[in-house]
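These are the structures, in structure tokens.
Look for subunit A in each of the two complexes below; its partner is subunit B in the first and subunit C in the second.
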Partner chain A sequence: MAFLSQSQSDDDPYTFTCSLDNVRNLSNILKAIHFKDHAACFATTNGLKVTVENAKCLQANAFIQAGIFQEFNIQEESVIFRINLTVLLDCLTIFGASAVPATPTALKMCYRGYGHPLTLFLEEGGVVTVCKIHTQEPEETLDFDFCSTNVVNKIILQSEGLKEAFSELDMTSEFLQITMSPAKPYFRLSTFGNAGSAHLDYPKDSDLIEAFHCTETQTNRYKISLLKPSTKALALSCKVSIRTDNRGFLSLQYMVRNEDGQICFVEYYCCPDEEVQDAES
Partner chain B sequence: MKSVISVFRSLPSLEKTVEKCLISLNTNSSRLVIQLFCKYGVTKTHNLSYQDCESLQALYNTDTCPNVLRAPARLLSDAVVHFPLTLSEVTLMASPGKVILKNYVEDEVDPNKAMLTELSLSREEFLEYQLQKLDPITFCLREFRGLLGFAESSGLPISIHFDCAGCPAVFSVDDTVLEAHFVLATLSDTDLASQSQNYGAALPNNNDDDFLGDDLDYMIAMETTLAGASSPPHSPVFNNRPLPGPTLEEQAVSSGDEDEEEREVPGTPPNKKFRSLFFGSILQSSGQAAQEVLAEDSDG
Partner chain C sequence: MRFRCKIVDVSCLNHFTRVVNTITKLTKSCTLRLTPANLYFILTDKVANGGVSMWCELCQANFFDEYQMEGVSVEQNEIYLEMVPENISRALKTAQNAKFVKIKLTNKHCPCLTMAVELPSLSSTSRIVTHDIPVTVIPRRLWNDFKEPTVPDFDVSIYLPAIKTMKSVVERMKNLSNFIVIEANRNGEIILKIETDLVSVSTHFKDLGNPHLISIDASQNSIQERDPDFMSEARVDIRKLLQFLAGQQVNPNKSICNIVHKRMVHFILLHDDVSLQYFIPALA
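Up next, the complex of A and B:
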């Protein structure tokens, strides 16, 4: 990887640099939150967090810990910039997105600071591509104030059990209604579409459910159009933690295992719809 | 119909996960309830709304049909793939040695400009080959494709019972647990006659016979309904599909688990005379109410 050392010859200090032997460890997880064009990137010594928001009601975060990167240097306490995620993903997969080629694409990502572009060096089999992506003024991201002490209900289950459910969601329904309860029906996903309603019940002793901590019965509705993008994260993940707090806010945490067996997390927060009418059952 | 299909959409995964399926009718809330009991104790409950439907009683009798062809579904589906997807009707012409399938060209289309597709299947390829009348019949390709798909998935041969043009053609699939009859309307003679003029020598049929059969149909039609008396100028472009598709198909589904699945697919009968013959018993009720659901028919 000769090019990596060459790029260092530039004397301008980078506030943030990182390198990865397999770019797919980054691109795959970014795809899980790619439902809007723009994303905010936060780099701290812990790692990189990429945030995408929709309609001020939904926030998706992808966390890539510093340990995932072969090299992760940050000169300031935190570095923030906004970037076109579509362009970033296009660049990251410039040598192709499929896992088939045996040689992984290596990545070095550099950022000089405010007002500078994000520079990507991608190398595969001796071919190097340099991409410079304009960064944008960072916008304030939503603070959902989702605090674990306020969590009322929490279920951890294997993603396998939800994948089919989410991919088959009746999209003619405006809402996805989630019921979590210490008593029957324990965990229920409901849609109310043109053709009628559909309920999906998971008993709490199902083998799919790894942890079941429900303290009170909660029924909340979430806009299905907002939650549908989380299917991408679900598809990548091996486990998912579903939590609701006392305000009915929903947190979906996906545990994603990358190609090198390391664990990353993708998180979705979603506001409930305010009025919950008596649902037909 | 669509909603029921969506419940059973991903067949491969259903086969893997579903252990039991319970179909019931909740009359209190007017819902068709389909419950799937899956692996890991997961229960999927679908409450589907449904609508009232008039059941059609097609008048047909396979025993009296002079012509019977039986062939593997594969043979026929291999044959129809050659027709363009947009084609609405095909004509089947049976002769002692072979069966010719060709696309049906409407009257106002200049046959010199239209694309004509024609292919023949030799007698040896059929399992049964019984012909008494050599009338060509024309029927809807779309419905035919549907039933071929069904027959192919069940791996059963299709029997085709048909008479003259204008009489229903019955396509049936038989098994020990399943007997499905698909009754397709065929275009009546007036259309074919005009088409045979276009084609000239292409139709080696006996015109006298045709007209005799035609008159007979007409008589029956007159007896069954008054509406038949006022035959409108025949229109080969079937603007008015007189019968509601969705209701028919729902009926087929509701009896899906029974031994006998009866499914009548409405054809595109060309004129009232013909229609009243085929669906004589329900013509009166298939008026305005039926028209309202027509919109849903198009992609049902």
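Up next, the complex of A and C:
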């Protein structure tokens, strides 16, 4: 591409470049984790991971595998930078974010390395937009140490089954209480709000539930304000895997099918509310 | 002073509604000038509205089935009214499938444009909705304030790209910055640029074409000699630009942007019988 050959004559070569024929394959999935202004980006040969955190209790990761991109080149083992996600999304959707664009917008993204801006080239119908977004010092991200061997309960269900429940969560309730159990009520979502408490039970043999692996009864509370942003990912996804480990940490994995039929993943980790745990023990 | 007109044709009515809606999006209040041949919606460059001015011209014969007016005098056969275009927009909303709309200058408690809308009715009795829209009659001594703005000696004249694309680009840029730089050259290129501490964005439009201008006065010859690739630019309030791009509903057959280097941007939208000019001053 002309852009690349031009810039390689510059002082530094790019350490990371990638291109996409349809920018929505990236922008849509980033919207699913857009609940804070800043995000950390990690690029490795496997692909791109974008992480957003809140209150040291919640972490959202979007994974876009290298295969999704038409071109994905990385010169180092890994490239890390922090970026303003709001600005990045405004740039990615510069030609509009409508669901049925006449022509898809093509993207080329380049990064020279530490201290350099992230450069985007977007093209739609012969119109070219060049964006230079300043990158920031990468900050350490949380390690939730969520290991699949410590998983106690796991339910995979079709997102349909959870969408309504999550979009209508009683926001006057401080917590969302999740009960997962090998016996009744199997899988229960509860809120305790001003207008009373609500319990939503999913039977184990529901058509919506694709897999049910619960080994012990666990009831944990999670701050509803922290979980609410995950509704964005849920809305986009076709399946969701809900897992809890022996510490009560929650992992929500969303399987997202993009416009070209490829699969990407968005993952939310959330800490349980400790005070309640202490009070109960 | 007398004025009355009538629209019967539905497509004329819809077209007139779109023009008024466009004006409504661009300004809170404006001047309506009536002459025997034309109607004008005028906004002059008051500092209060950021120095933006507008001039919209409609040929009455293309809209109205009946049109009668009598100005203040035989020599000065014109009427100038100050009014809120939104009031007309709102009245026209009820007129969407009207049999006809009559507009009349009346003097009720105050001078009014009275709009009578006859709606289709199943029974033999007619249904007429009447709107009285208050207006202020502008005295003759102030008419000079509402002269057609002289089109300045611009450095570049260029056809606009698809307004829809431009609108969505400017919308995103508005999220990032308060100001936008519009650059254009005589080689069919427009660049829209913003720059802030966080990000710089530039959108490049090519092959737009420059209207062939027959220079009437000799002073414009100087432009002809200029390098066609030279970018003339103007930095403007991004909200004013977006207001224009988002507000227009006239579906122009031709849209032109003129730039006076570092002084102003001038847009012209042309639709068969309507012309809308919009001036945005450049900021330092």
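Note that in this section the second predicted complex is superposed on the first by the 264 of 281 C-alpha atoms of A that agree within 3 Å, B and C clash if a C-alpha of one lies under 4 Å from a C-alpha of the other, contacts with A are read in each partner's own complex, and residues count from 1 in each chain.
Simple rule for what comes next: a residue touches a chain if its C-beta (ideal position, glycine included) is under 8 Å from a C-beta of that chain, and two chains touch if they have at least 3 such contacts.
All of these numbers come straight from a predicted model, not from anything done at the bench.
Colleague: With the two complexes overlaid on their shared chain, look at subunit A and say whether subunit B and subunit C clash or fit.
Modeller: fit
Colleague: Regarding the shared-chain residue A:A195, is it in contact with subunit B (first), subunit C (second), both, or neither?
Modeller: first
Colleague: On the A-aligned overlay, A:N84 touches which partner chain: subunit B = first, subunit C = second, or both, or neither?
Modeller: Touch partner of A:N84: subunit C, not subunit B.
Colleague: Thinking of the overlay built on chain A, is A:D273 touched by subunit B (first), by subunit C (second), by both, or by neither?
Modeller: Neither partner.
Colleague: Is A:D21 contacted by the first partner subunit B, the second partner subunit C, both or neither?
Modeller: Neither subunit B nor subunit C is touched by A:D21.
Colleague: Under the stated touch criterion, which partner chain does A:P203 make contact with: subunit B (first), subunit C (second), both, or neither?
Modeller: first
Colleague: Between subunit B and subunit C, what opening angle does the Cα centre of subunit A see in the overlaid model, nearest 10 degrees?
Modeller: So the angle at the centre of subunit A is 60 degrees.
Colleague: In the superposition on the shared chain, how near does any CA atom of subunit B get to one of subunit C? Answer in angstrom.
Modeller: Between subunit B and subunit C, the minimum C-alpha distance equals 10 Å.
Colleague: In the superposed arrangement, what residues of subunit A touch both subunit B and subunit C?
Modeller: Overlap of subunit B and subunit C footprints on subunit A: empty.
Colleague: Under the touch definition given earlier, write down the residues of subunit B that touch subunit A in their complex.
Modeller: Touching subunit A: residues 2-3, 6, 9-10, 13, 17, 29, 31-32, 40-49 of subunit B.
Colleague: Within their complex, state which residues of subunit A touch subunit C.
Modeller: Listed in rising order, the residues are 84, 86-87, 90-91, 93-96, 124-134.
Colleague: Quick one: in the complex, what on subunit C touches subunit A?
Modeller: Residues of subunit C touching subunit A: 161, 165, 168-169, 172-173, 175-176, 197-207.
Colleague: Touching subunit B in the complex: which residues of subunit A?
Modeller: Residue positions touching the partner: 161, 164, 168, 170, 194-203, 205-208, 280.
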